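Handing you this structure, nothing more for now.
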Amino acid sequence: MPQYDQLRAYYNGELVPVTEARVSVYDSALMFGDMVFEMTRSFRRQPFRLEQHLDRLYASLRLLDIDCGLTRTEMLQVTMETVEANLAYIEDELDYYIMHDISRGPLDFYRRVFPAGLRPTVIIAIWPMIEHIARVAEYYETGVHAIIPSQGAIPSRYLDPKAKTRSRLHYQMANLQAARYGPDAWAVMLDEHGYIAEGTSCNFFMVKDGALYTSEPRNILRGVSRGYVFALAEELGIPCRGANIEPYDALQADEAFLTATSFSILPVTRFEGRVIGDGRPGPVTKRLLAAWSEKVGVDIPAQAKYVAEKYMTQ
Amino acid sequence: MPQYDQLRAYYNGELVPVTEARVSVYDSALMFGDMVFEMTRSFRRQPFRLEQHLDRLYASLRLLDIDCGLTRTEMLQVTMETVEANLAYIEDELDYYIMHDISRGPLDFYRRVFPAGLRPTVIIAIWPMIEHIARVAEYYETGVHAIIPSQGAIPSRYLDPKAKTRSRLHYQMANLQAARYGPDAWAVMLDEHGYIAEGTSCNFFMVKDGALYTSEPRNILRGVSRGYVFALAEELGIPCRGANIEPYDALQADEAFLTATSFSILPVTRFEGRVIGDGRPGPVTKRLLAAWSEKVGVDIPAQAKYVAEKYMTQ
Amino acid sequence: MPQYDQLRAYYNGELVPVTEARVSVYDSALMFGDMVFEMTRSFRRQPFRLEQHLDRLYASLRLLDIDCGLTRTEMLQVTMETVEANLAYIEDELDYYIMHDISRGPLDFYRRVFPAGLRPTVIIAIWPMIEHIARVAEYYETGVHAIIPSQGAIPSRYLDPKAKTRSRLHYQMANLQAARYGPDAWAVMLDEHGYIAEGTSCNFFMVKDGALYTSEPRNILRGVSRGYVFALAEELGIPCRGANIEPYDALQADEAFLTATSFSILPVTRFEGRVIGDGRPGPVTKRLLAAWSEKVGVDIPAQAKYVAEKYMTQ
Amino acid sequence: MPQYDQLRAYYNGELVPVTEARVSVYDSALMFGDMVFEMTRSFRRQPFRLEQHLDRLYASLRLLDIDCGLTRTEMLQVTMETVEANLAYIEDELDYYIMHDISRGPLDFYRRVFPAGLRPTVIIAIWPMIEHIARVAEYYETGVHAIIPSQGAIPSRYLDPKAKTRSRLHYQMANLQAARYGPDAWAVMLDEHGYIAEGTSCNFFMVKDGALYTSEPRNILRGVSRGYVFALAEELGIPCRGANIEPYDALQADEAFLTATSFSILPVTRFEGRVIGDGRPGPVTKRLLAAWSEKVGVDIPAQAKYVAEKYMTQ
Amino acid sequence: MPQYDQLRAYYNGELVPVTEARVSVYDSALMFGDMVFEMTRSFRRQPFRLEQHLDRLYASLRLLDIDCGLTRTEMLQVTMETVEANLAYIEDELDYYIMHDISRGPLDFYRRVFPAGLRPTVIIAIWPMIEHIARVAEYYETGVHAIIPSQGAIPSRYLDPKAKTRSRLHYQMANLQAARYGPDAWAVMLDEHGYIAEGTSCNFFMVKDGALYTSEPRNILRGVSRGYVFALAEELGIPCRGANIEPYDALQADEAFLTATSFSILPVTRFEGRVIGDGRPGPVTKRLLAAWSEKVGVDIPAQAKYVAEKYMTQ
Amino acid sequence: MPQYDQLRAYYNGELVPVTEARVSVYDSALMFGDMVFEMTRSFRRQPFRLEQHLDRLYASLRLLDIDCGLTRTEMLQVTMETVEANLAYIEDELDYYIMHDISRGPLDFYRRVFPAGLRPTVIIAIWPMIEHIARVAEYYETGVHAIIPSQGAIPSRYLDPKAKTRSRLHYQMANLQAARYGPDAWAVMLDEHGYIAEGTSCNFFMVKDGALYTSEPRNILRGVSRGYVFALAEELGIPCRGANIEPYDALQADEAFLTATSFSILPVTRFEGRVIGDGRPGPVTKRLLAAWSEKVGVDIPAQAKYVAEKYMTQ
């Protein structure tokens, strides 16, 4: 197992034990959910699409009008330094997660708690990828069951999901609703018009007559993995485009899947109680997953299975 | 000045220095903005309407389906114990704030960081009321300028403001928009229908022809102070009711004010660039504030002014 | 058991076997879902609130601009005649359902199928109350579980639920969604603003601090049973009024129940996975049900239980 | 005239006289408007685009989660058998309509009426095309007058028009509104955003600067005839695409027309009281209609006129 | 006939011939529809409810943030002076209309056209009441036909109808739609929720079971005549209140009518093609109209008829 | 300076002094904001894109169902004649504005004021371009600050901005809100979905990664200048397309600008308080402005500066 007690997080310029990666209750992060974040994973110990994650991080900061005090170049540097400081404590065969968390900092009302002065809170934490992939390992074969909770996606004009922030209680509410259906039920939220928006931390894709469709980039987080599927599809010659996808369309799909940083691509084999295709992961889904695996040099489903078997039983 | 380094917060059963009232980045509080809270203030060192705050706290927990592990009675008890533990370090002439913060606890994915096991996070922090009231002291006389930001109130069906949670980045966004107008500009958000919903942590009232009107209890936090104004108005024989208030109505008002736990009642003397009434706090507003002051035994505006002069210059 | 093969339905002036109560596929009823209806039940063999049902029937006809060819007085008369023609075939201890079904009649395009000419289709069918009450018998004690499907109530400006029509596929869709939660899950739909509208053939009530609240009469069928609860409440001195009820409010309720012609009042003891009150039918609910039973001279829960035990096992 | 009394409809495995193509009032078809359907016409006695109609039929069934008991292949077979059984009774020079009607079957509450057991209701009826085309015969020359009723299209998230179901009272309501304008007034409904959705059983197209535009496939039935116009346009080299068409755009159109299975293409020469183009069917409209006629070997307007003159006067 | 060429209008401090009551194309009134107005009528030559009209005028000015340069007292004075200047030229038996029109004045871009400087435009014009009442004279007996155009009321958050301004093209569009139904068709617009908002210059009332209902004061002009009906109803002991009125409700009404300054009360005897009540003005409507007539000393319908007969034939 | 007192406007067939280009308060233009208009400017004394402006003028007239009495050809002719009649009084080095204003004419109620009869009001006025360009001269270098007012764009289904009419008080309201931010603040309104609609008389463009994006042509005036930018972009090989642009996207833009007839292209260098790009007009913006200048033979920014310096100081 990883040496969890040796893991260190970057915290406003210092490396601290991961147990110390904590935020004051007087920080705007908690006071207002006023924090942006990113989750980047590695493949073969190399951060995957870190540049795109940092691009989005700075886009989120800009929407929230937060100056985090680090340039994008500096952020890249401290990120890599933080990674380096942790690699020794995570088995070589394991990949890891980089989590960036940035808030506006403590509220001025409480400045007396922070004698060193107020400044944005910047945290970078590293975490071995065990649970995140082990728990979905079986779904690469069985697929998950997408269900539509009554909790809808918040329209972007109220709270823009394109900025990846911590004010996302509605994701949790959707998760709670889905959980009542059973462990393999994953919430896929509709937007105000009834179009499929997104899962609660993932994007939705469907395949119909050989083409890929995914939700338009409005009421969703524009996932880095979503973008990568576009890139893979282009290489593989599979048409891929954003569309207004309604449950009617999803029910006619030949295949469907979700994308997220942690699991890359996860098949959806049931949708609102109906079976998609023949109830098993479809050929386009598998082709994309294989291409992704090849590109990054990791058999993604196999890695998940291996980690599940070796690390989750301890 | 208060002895800040002696202040202690309740943290899952223990009293810790206020600097240690911190939440892990792996806690659902930060991961999803999945935390409920309450702010209760004292008058003459007695918590004001604590029962109502606890009622709302448990209503919020219920909506989020969080079992915090403490009954309401136990919560009251540990709250009072926490208050007691701090009183010695806050000057007798000062009042204080009690902040309850409760989350679902750390995510199961990260259980390795929490060897003692996962459980909800319950924090109760005490804070002397200095900045919170000092900064508004002048507005009891001049009133504030209510402005309508383009950031609207999130409809309750997406994220219910009646539950007091930390997923409220949109309040911060509204604050940022208002701040561009100047320091005395306070954001008052409209709901999707154009009705005045609420300020970013306060409720809106207006006076017309001797009667009080406030936003209907839908797309707002149902403020404890708001409820107290209803009670005071009844005692004073002032009609008071919820209404769909549009900017047109607000502009025809004789008086307007905001209510919040920290300042109780704060006059609004300008609205979207137009003067309300004669531009000074109106008679009904002043009557309510006087009645409140009398009830709690504290001259509220005077206290704010006193604290501002004595404590803010240090 | 009732002599089902002796039951007769009124069909455009004639009495026909109930198996012949059938509508042509060329009738507007099927072509457009263009049919209004009413369900009236008896208590002690007397139709209950038949006048109110007929009032609503004619209100529905008026919205659809259908002239059914019978005055309200004539309709009452043929209804009672149809009842009379059937009573002998239903055990004395059983109550019955009267179903009125009225459509605009066959489409003119297909007049050749109807050599006798085109006219509105008027059907009145009588049915012994066995399954309708037997299947809910247990819920008078356990209560049902109200769940909110993602299928929302259609806003009345598109298709007005106040007219009781057969174009209500969305009720069926909501039922299908609820059924996935288990047999005791009953769908309670939200309207476009997130207010609780109605069940898929019933109205929602909640009790809070001794008062009754039910959905405002907008995006709902204004149930005859709903109206009767208002009347009972007035007699019992229980305040009762229409309100915008949101899930937040329902979760804070002391009690909740549904009303419908078939079961009168059915307790709701769980709501979206949370327990209401102490998880059992509450005192106000029981008081209303007792008053109703007394008024009609039928112990409503006992009747359901009796019918379930005696007739459902055959 | 056709021998109407010899016409036979498929009814759950049997052929019955068309007068017996009737559905019980206890069937979900009537209880909930819970029935899907298709209308397919023939050209030169051959079903036109029957495959596409069956595709849509099964898509509708899937959305409603109805298993009709027949595979698509079986459905095709019984459809053709039903056609065969009727051809002898319809003059050779006439075309016919195939209507598929499928419901979930009788409600379980009323199983005693159906001693043979409950199963989905499947009806296939054949009807000679006389009235359907005769009544529009004149409009191939004069065009119809499109008017916008206040009845709007139901947003698909509430009741999806892409599934062709019998819960469509709102179409009838729109028809009633249009009828007040006169016999040549055809209702064209707007969706919630003010875009032209569809006619009450037809799709809307407009021509501007040589290109074809039709409503986007969201709040509409995706008509088989609509799809055929896309195909014809491609062959003829006419650009054709879905668009958000507002009344402003329609009023600037050079031409407009409706498409439906019965009439194929029907010119719109007036729109909300204003004349479109020069008030006569335009060149692109006529070119498409000519191409369609040629493809199917039937001069469509001429057939309508011939049938009107020969058969409607009897 | 009145001596039209002697009529004088107040124009920024001067009295000018009515033909000179003209506004520059460079005035904000035309550039932006940026003008507020009021229409006040006389009864027995006395302005009726002029105070209320001036109250609303200043409320409108306040919403538009226009300082017209005259206090409310001065406005009253110049209004009465303008009336005085015109009375001699209007027959004693006739009443008159006072029209106030106030804009922000010419745009600064075009100051060179206005060498005397830029200032708000204030116009007060007097007009004998002939056409305005003569044209509706017959409807006091027959009633008008209320129809719902597809043009909806603009939600007040976009353009508040409570301010009486000249940006109201949508009223004209609704009028054009209604006119297609015939001369007695009056447009009654729905708001975004399908509630009856208002006519295109009048308010809607309905009577049901002896009580009066009118649209809630949100998406409407809060008519001075509407307010007077409330006052009359109170005197007559008729319950009267604002309500969300849907077409379903209006169709169940016993009576309905419109109110406006020009005609006071006008019966509605048909609604969307259905007859209201028995198709003639109802008893409550007539009672209110009689009370109004008595209050003002003018038999309102008789005056309209008299004027129609005597003055319209010339 | 131009000889303003010699300027003549076309007024229903006659040339009148510009001071006489006035509209009666009884004209539908003022009564209902029922007037369409166009603003066309010249470059080097030649009307620019006059054909496109007239196309849109007639499209607007068509939506409003106004027959102005002049064919499009006649309108072009009288427009050019009016221009000719004024050129002598405007310095050769100056350009001019042509304003078309057309209303339905006086209301029939007031026909006595118009003894010559009622007919549409057609006005064509010529104005030297001094203030219009001088006041923005500095912004070609500094850029303007785009801010989002709480006043939203009226959805086109209520009042279609694609028709250029005088009912546009909401533009003025948005201007008033923006003005509170300072003189360089320009209102850019959002539509109901939170997409950037338009400025209060201009269109919004942004540049990202070398491509141009502008609001989709729905809730906006489809600007003639907007169309010209599409044409220029095509010539310059810059991709340009309509898109749903949200504030999130605008904040990530490399450049942004506004287009309007008066100023052609005006850089936006700040957006909601954040700097766009490096805070100065960007390369694509400048390239487009240069291309435009070259096409029309006028250095547009230089002309504005020259006019500002020479003419505004007099």
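Lettered A, B, C, D, E and F in written order, each chain numbered from 1.
As a convention for this text, a contact is a pair of C-beta atoms (placed from the backbone, for glycine too) under 8 Å apart; a residue touches a chain by one contact, two chains touch by 3 or more.
All values reported here derive from a predicted model rather than from experimental measurement.
Touching chain B and chain F together: A, E. Seen as a C-alpha superposition, chain B sits on chain C after a turn of 120°, to the nearest 5.
On a Cα centroid basis, the chain most remote from chain D in this structure is B. Taking each chain's centre as the mean of its C-alpha atoms, the one that lies farthest from the centre of chain C is F.
Taking each chain's centre as the average of its CA atoms, chain D and chain E sit 46 Å apart.
A separation of 33 Å divides the Cα centre of chain C from that of chain D.
Averaging Cα coordinates per chain places chain B and chain D 59 Å apart. If you average the Cα atoms of chain B and of chain E, the two centres end up 45 Å apart. Under the contact definition stated at the top, the residues of chain D that touch 2 or more other chains are 65, 155, 157-158, 176, 190, 273. Across the assembly, chains come into contact as A-B, A-C, A-D, A-F, B-C, B-E, B-F, C-D, C-E, D-E, D-F, E-F.
Looking at the complex, you find that chain D touches chain F at residues 190, 193-194, 244, 246-248, 251-252, 273-274. Here chain F touches chain D in the complex through residues 59, 62-63, 65, 155-158, 160, 162-163, 218, going by the rule given at the top. Of all the residues in chain F, the ones that touch chain E in their complex are 2, 4, 9, 18-19, 21-26, 28-35, 64-65, 99, 101, 104, 108-113, 123, 125, 127, 131-132, 151-155, 157-159, 165-173, 176. Within the complex formed with chain E, the chain D residues making contact are 148-150, 176-177, 180-181, 190, 272-273.
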